[in-house]
């Protein structure tokens, strides 16, 4: 069994929308995966099943031999601490500073603030936000917010990174640079990375596996 | 004097960030303009000066012979009712339905709900959200939200449309389709349209004027 | 615009309950105060008639002088009612008070001097009136209860002052609660308000539903408090009347009008003012940002 | 985790003020109630000693019987103190009451019968005790104030019941206010909480600052109310003591301990419970979504 495994997963939202339709997918440790599909294809839904923001209607989701589709609620924190997620709608707290948003996964892990500072410096360099460290997050431009979100997803060195449309608000060069960063991170730390994207350019530029979703069905993996 | 005019506009944010640096720009009625620039170049800031979410540090902004950079606060509603804006961060109310978000500009104008219904049908067709009409907005996928936002910007037939990164979460085909819709709208109603974008593909596909921003300076117009 | 009043406000039912409850409770307290005040007023009236200054003539005074002085006293500015108690009446009062027969006393002459019973127009002025009467030489002694009456008067005055202050504090407190409740419900709708603003909604358009909410919460809280108070006072007065028929408890029916008027006016006004203040404070805050 | 307690909570100062104020005010009312209760207790004690049953022997009773009956009465379960008033004392009391001289009466024999003055252990039990005494044949008449005393007793009981209910209502109301305040401040931080949850924070991590906030608001409100109440009661008692020295006003010093203990315990408990309830209700709501 793979590192991440979807077995006959269906997801029908209460409103009656069939978002995932018999998804079977197996991803190995350390893989670099592009999840590609038109708008409404179900990319975000698939990721929400991994973060347990949603439960599948039927089928099973396994992560590292743990059946997360039937994990008890009280174990959710443990699951989520091992993930690094770039949310499509960012999920940043607007009135926190960039630094505060950045280190929030560390605080949850119980890292001391002084250590958090050191780690944060490195990440800020990586995503080129050094000069905005103490700015309020709501002051950032759209692209800067996405960069911050990516930084937050990497700061605690997770085993699995889920990046949902991480370059939608970034210009071509910056986007390439950041996905390159992700690629490097994966290479160096052996982390598994899944990137949901529309951009053909990105998909073609990096030697990753391509999974294509169409109306909730996997048509290429 | 043009329809929209920036005269020696500077914008320095309180935090000390120089977002716009001596911007001079004149746009004619009915023009279709792409505002292009890297992340943090100042595109959103420029648009916020038109919607009066921000005031310039110095310089003047004129719209239809009205100096909006020194408009009194109580006239803001009149200004804003004549604009159609796709916000980069969407500004949708998550717990309203798609329909409710869509018709909000009409309600502000005092349009009766039954008339609003008729207008909404047309727009829902245009942005392909007919089947989500009564869904809660927070149930939409990222791309669907952007489509809704575009629909809301057009429903009251504004004279000036500002679209800030309207295709960031849309796949190539859908993006082209929607910008095409905007182009048609401009042609038919004579509205002026300004689109902030990173996508070179879009810019090359439509016969519009290209304005390039770099670090707050206009380097091509 | 009117159609949209509450069209899109799906959340915040808990805030509505909160606002309703707070106004309900403050109005209830207010009604209790009104009840107490009316009761006091009525008791005050009763006290007044029993707060009587007794001014005694010397035993050998002539009836003409008595009449003269009576007229003089009547003309004094602070005086309410004046009653003459002649020697005969004084004696019979004494006899009935101690439950005795004329024979028991065994007196040949009537030792009781005539006196005037003088009431003040306002209970408050009793001591001053007593001073005035003491200046009249024809009286041998002026008696108005002294220590005891003074204490009661102080109590009455204390009650009124404390009550007035309480009323004021209560009003401010209600206003505070209502304002905070509406503020909270405005803040819970931050996103909506931001969007309405960006769509070009006028201040009035945005405020309307909150003002409306304030007034409606006020009214509903007030009316409920009115009904609950009436029922409560009904039983209370029933109980009090059977337990302490000596006191001068007001009629239940007399409560309906004042309580009703105050409840409806005060609570809707409170709701309105609270909502207005909340809107203003929120607008100021967001302007500062 | 402890370091982050309030690290990122930049907004909501208005909520903190709100919570503080609400606890402050309810604690103030509570203190007022405690004051009233202590006062009543003390007065009750005074009443007790003046609520005395008088059981009269027949005029011709022998001293031995009187002694016998006295011992019998003393052995009754409800009885507190028993005092014998013999004929001589009864007469002298009468004389001094009406301010008369022995000669005025002109009686050869002492017409006043001896009697027992019996006090109940608890004021409440006065009527039952009177019934018990009436069963003793040696008494000619048992008198315990009847109507008047009954009314006073009813009043005392009414006051205690009403006070107890008020105390309960007050407690529920405080809890409601605190809960809503904390709820509001939680809702104002919806985004933070969502983000913390997504980052893998435990329930405890997320709740801690709100529980902390609740307890701190409770404590600060309680302590402030304590200080304000003490100052207020100091002046009130000063005023009351000079105005109505007849009543039995408690000492200011006696208030410090009970008020202090109740203020601190009650308010921090209220804050804690309110915060806990708020967290629970919010979690339930978000689970339903």
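Quick notes on this structure:
By letter and in written order, the chains are A, B, C and D; residue numbering begins at 1 in each of them.
Operating definition for what follows: a residue touches a chain if its C-beta (ideal position, glycine included) is under 8 Å from a C-beta of that chain, and two chains touch if they have at least 3 such contacts.
None of the values given here were measured: they were computed from a predicted structure.
Counting hops only between chains that touch, subunit A reaches subunit B in a minimum of 1. The chains in contact with subunit B as well as with subunit D are A, C. Among the remaining chains, the Cα-based centre furthest from that of subunit A is the centre of C. Each chain gets one centre point, the mean of its Cα atoms, and the points for subunit B and subunit C are 62 Å apart.
Per-chain Cα centroids separate subunit A from subunit C by 67 Å. Here the spacing of subunit C and subunit D, counted between their Cα centres, is 26 Å.
The set of subunit A residues that touch two or more partner chains is empty. Across the assembly, subunit D contributes no residue that touches 2 or more other chains. Taken as a graph of touching chains, this assembly forms a single closed ring in which every chain touches exactly two others.
Listed by chain label, the pairs that touch are A-B, A-D, B-C, C-D.
By the touch criterion stated above, subunit B contacts subunit A in their complex at residues 13, 15, 17, 37-40, 44, 88-89, 135-136, 139, 141-144, 147, 164-165, 168-174, 198, 200.
Across the complex, subunit C is touched by residues 51, 53, 74, 76-83, 85, 87, 91-96, 100-101, 104-105, 107-110, 112-113 of subunit B.
Within the complex formed with subunit D, the subunit C residues making contact are 14-15, 18, 21-22, 25, 98, 151, 154-155, 158, 173, 176-177, 180, 183-184, 187-188, 239, 243-244, 246.
Contact residues on subunit C toward subunit B in their complex (touch as defined above): 1, 3-4, 7-8, 10-11, 191-192, 194-203, 205.
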